[in-house]
Amino acid sequence: MATTLTSADQPATRTTAPRARRRWGFLARRLGFYAVAAAAAIVLNFLLPRLMPGDPSSAIVEELERVSGQQVPPETLESIRAIFGDPGQNLGEQFVSYLGQLAHLDLGVSIVNFPVPVSDLVWQALPWTLLLVGVTTVLAFVVGTGLGVLAGWKAGSRFDAVVTPLTTFLSSVPYFWVALLALWVFGFLLGWFPLSGGYDPNLTEGLNLPFLASVLHYGALPAMTIVFSAFGGWLLGMRNMMVTTVREDYVLLAQAKGLAPGRVMLRYAARNAMLPSFTGFAMALGGVVGGALLTEIVFSYPGIGYLMYEALQKRDYPMMQGVFLLITLAVLVANLVADSVYVLLDPRIREQG
Amino acid sequence: MTETLPGTATDPAAAPRDVVLDVRGLDVEYATGDDPVRACVDVSFTLHRGEILGVAGESGSGKSTLITALTRLQRPPAVTSAGQLLYHPRDGGPPVDLVTLSGRELRRLRWTTLSIVLQSAMDALNPVMRVGAQFVDALRTHDRRLDKGAAWERAAELLGMVGVSADRARAYPHELSGGMRQRASIALALACRPDLVVMDEPTTAVDVVMQRQILAQVLRLRRELGFAVVFVTHDLSLLLELADRVAIMYAGRIVELGTSASLYAEPRHPYTRGLRDSFPPLRAPLRRLTGITGSPPDLRRPPSGCPFHPRCGQRFDGCDERLPVLRDIGGNDVACHLYPEGS
Amino acid sequence: MRADLLRGWKVRFGLAVLAFFVLLAIFGPWINEYVLGIDPRANDLEAISAPPSADHLLGTTQFGQDVLAQTIAGARGSMFVGFLAATIGTLIAVLVGVPAGYFRGGVDNGLNFLTNLFLVMPVLPLILIVAGYMQGTGLWMIALIVGLFGWSGGARTLRAQALSVSSRDFVLAMRMLGEPHRRLIFFEVLPHLTGWIAAMFLHGIIGGVMAEAGLAFLGISDSGAISWGTMIQAAQQQSAVLRGFWWWFVPPGLCIALIGTAATLVNFGVDELSNPKLRQARRSVVKRTKTLRAAGSEA
């Protein structure tokens, strides 16, 4: 018997090496895709102001001179032209000087906060956004996925019958509306939380206890609204995947083995059901840099989203353009990271295009 | 397909007489729609230690329902609504009814006394866990003193037992060939030395050569380890070779139950005869193949009387009125009006 | 299949709610004029920011405009954006996804790359930027932008489905008989995708309504038009929240939430139809099983 079996074993043993290679091939292809996507984002960022009606770069210069009341210095003028288009140059020459600007991380100068460079403002806002949106995105995912695992595991139970429709409704409510209601009830009526801002302006910024406490206090309500309106989506997605996965044979076999129910639920059902959610989660993490645009606006929170909103309101084109580029690149990087981690999570991964 | 598998029904040593499982009056219903569908009706049989009992039937005959009922792996809407599953422990203690057992007690019995091999090993193994790890968690659940290293060694040993090389324990299921996966899941079922293994068509997903290898292995392991098998399949020809006794299911009921030899040589129930005559004989002059006309009944609206009567070539007045009961007819249990009471 | 779909309460309720809002969008102005007799733009100077009363069932805004009349009128604006955006988005998704799945090879590679590109681009900031350059946007423009940037998910689904349909025997056979591609796509492949396309269209409507509200909230909207988004935005600008004028911003938000819920419920029903496992997880099935089991153990 042994001889016949080894012959049967051979083909599969031989295929393991190409499989490992296929896994790296998958990552390499994804890396290539994101490189092209990043290039496309940069080209888009370059083309947008040039495709729009009118001449944004002269509009910006005029606006700058009006705001500051002085002549725009030549180097600023050059930088603006590089980013927003120079009527004297053809598109190719413009693109080259645009790339030159980017290589120096020069995103131009803010109009509203003249003459502060856009990159400085972005760096100031970034920690606030990363803190608020990062923490809440993770929290919403953990809470939503956890509840979704339970609802799907005991599908058709009373818990599932109450939580699932309720969440369906909650996740259909427009976010900014929830935020407004929360602000009205907890900020205005009850007065538990401050109405706007990221920290108490009377305190000195830094690593001192009162300041950190005020950051927590100011951040609590926006954080809760984000978690509140975001966990439902995770819950519903996870619940339905769980319901499907729980009926897979490998879950049945795990039960037949007499494993503890908790282990079957987590190691067998949830572990597999989570794979699609995970991709979404990684993309959400990429979106963190973009900030919770609406949250930051409702609560006047000093993050990237608010920065972009202000730029939009005041037609601060350099600002808009810079923030957009940053957000796009962050999303692409997050996607790439997600793909890499996915390869670790799912040993079956193959190229799907 | 001409040589006899070693240790088949003809091997008397393979069937010691003491009972391991006693199934009595098992009813399984599906709670769909307003009227529950009865997928298993009054199923009774006994299984002896080390015996292979084959269960054959068309799709929709209730054989898959029987598997999940025997192993208590049902999910809504399936539910065991009546009957007993009496398991007789190895140590000779009093029998336990698996139907009324609590979850915790049932979990303790699982795998150590009662395990299962599913139809498709690809689906039955967790795709994101190494094959060995799926042995290790079963082993360590039922033997808390076993440490990780020893459990992995044991997993490799078990794989070796079915001819899968030990280093494959660290592979993921998709990295194994189909035959290897199926043999691994048989090894997995034997990990905790069960008394009884339920097998759900474990050879349908592999090619014929691999099928022979696997069946030979099952017989060899049965001889070495002494577990009993309930082997469920639609393939009667395979059962007649492999099993000690065979039960034929139709519309959720057992219509005939007897030794493989007698079922092959002298099937009593017209349905059994129809099944037997739908494949060519293995070691006999060729005869004309005749199938069974019609299709299995809709279990939501089972025919009156004998459920087989609409398709039966030998039906007579009364077949559509009274339900035949399973009775001993010349050594086989048969449910058919052709054999009147007292005959 | 259609009859099965309508059997569940989720689908029925969802479709009823959607139908209600469609009717509201069509007959809203007529209702305002002849049933309520209130012009949503008229300023009732006697009732400024008044809470709900017999004269103004849902109260009035800061400018003395009737909230109920505005909510009714707003249905048209929001639904208009929803439908137009869904039409554009679905159309692009079909035009990109179906040929990619049908032709495969080079065509697929190109179209699939395009889809993936739009899939990873952050849509909201992109829309903001474009809308920011387009000064003075109207509802038309918003619907156009939302549709143009929101088709990638649908295209991916359609590509996968078209791939599976066009590899079926009947399509392959007709292809070998020399049937023109155009005919095959329109008369053989597309009809099999109608269910997916319908679901996508529904999704698009909700996406459009939500996006319009979100954009209006960000100040990107036609200041002259009335939609639920502009209502909430006006309320926010006049600090209605901080002054406790809940009747101003609650109704339009609730309308959006209702439409979203309705669409989710319909999707639930469609999911249950295409995935029988979900159907077995329904409360009613589990309950019935429990009753049977209880009866069995008593016997």
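Going in written order, the chains are labelled A, B and C, and every chain counts its residues from 1.
Just so we're on the same page, contacts are C-beta pairs under 8 Å (C-beta built on N, C-alpha and C of every residue); 3 or more make two chains touch, one makes a residue touch a chain.
For clarity, every value in this text was computed on a predicted model and none was experimentally measured.
**Student:** Mind listing the chains that sit against chain A and also against chain B?
**Tutor:** Of all the chains present, those in contact with both chain A and chain B are C.
**Student:** Farthest chain from chain A, going by the mean of C-alpha atoms per chain?
**Tutor:** Farthest chain from chain A, going by C-alpha centroids: B.
**Student:** Could you let me know which interface, B-C or A-C, is made of more C-beta pairs in contact?
**Tutor:** The greater number of contacts lies at A-C.
**Student:** Please tell me the distance, in whole Å, between the geometric centres of chain B and chain C computed from their C-alpha atoms.
**Tutor:** 51
**Student:** Could you grab the centroid distance between chain A and chain C? Build each centroid from C-alpha atoms only and quote it in angstrom.
**Tutor:** That gives a centre separation of 23 Å.
**Student:** Which residues belonging to chain B are in contact with no fewer than two other chains?
**Tutor:** Each of 75-76 in chain B touches at least two other chains.
**Student:** Give the residues of chain A touching no fewer than two other chains, as numbers and ranges.
**Tutor:** Within chain A, the residues that touch at least two other chains are 156, 247.
**Student:** Quick one: which residues in chain C touch 2 or more of the other chains?
**Tutor:** Residues 280-281, 285-286 of chain C touch two or more partner chains.
**Student:** Using the touch definition from the top, list the residues of chain C that touch chain B in their complex.
**Tutor:** For this pair, the touching residues of chain C are 280-281, 285-286, 288-289, 291-293, 295-297, 299.
**Student:** Where on chain A is chain B touching in the complex?
**Tutor:** Touch list, chain A to chain B: 1-2, 4-6, 8-9, 11-13, 15-16, 19, 156, 246-250, 252-261, 263, 267-268, 271-272, 275, 345-348.
**Student:** Which residues of chain B touch chain A once you look at their complex with the stated criterion?
**Tutor:** Touch list, chain B to chain A: 71, 73, 75-76, 103, 106-112, 115-116, 118-120, 123-129, 137-138, 141-142, 163-165, 168, 171-172, 174-177, 179-180, 185, 210, 213, 216-217.
**Student:** For chain B, which residues count as touching chain C in their complex?
**Tutor:** Touch list, chain B to chain C: 27, 29, 31-32, 36, 75-82, 100.
**Student:** Inside the complex, what are the residues of chain A that reach chain C?
**Tutor:** 33-34, 36-37, 40-41, 48-49, 52-53, 56, 152, 155-158, 160-161, 168-169, 171-177, 180-181, 183-184, 188-189, 195, 236, 240, 243-244, 247, 283, 286-287, 290, 293-294, 297-298, 308-309, 311-313, 315, 317, 320-321, 323-324, 327-328, 331-332, 335, 353
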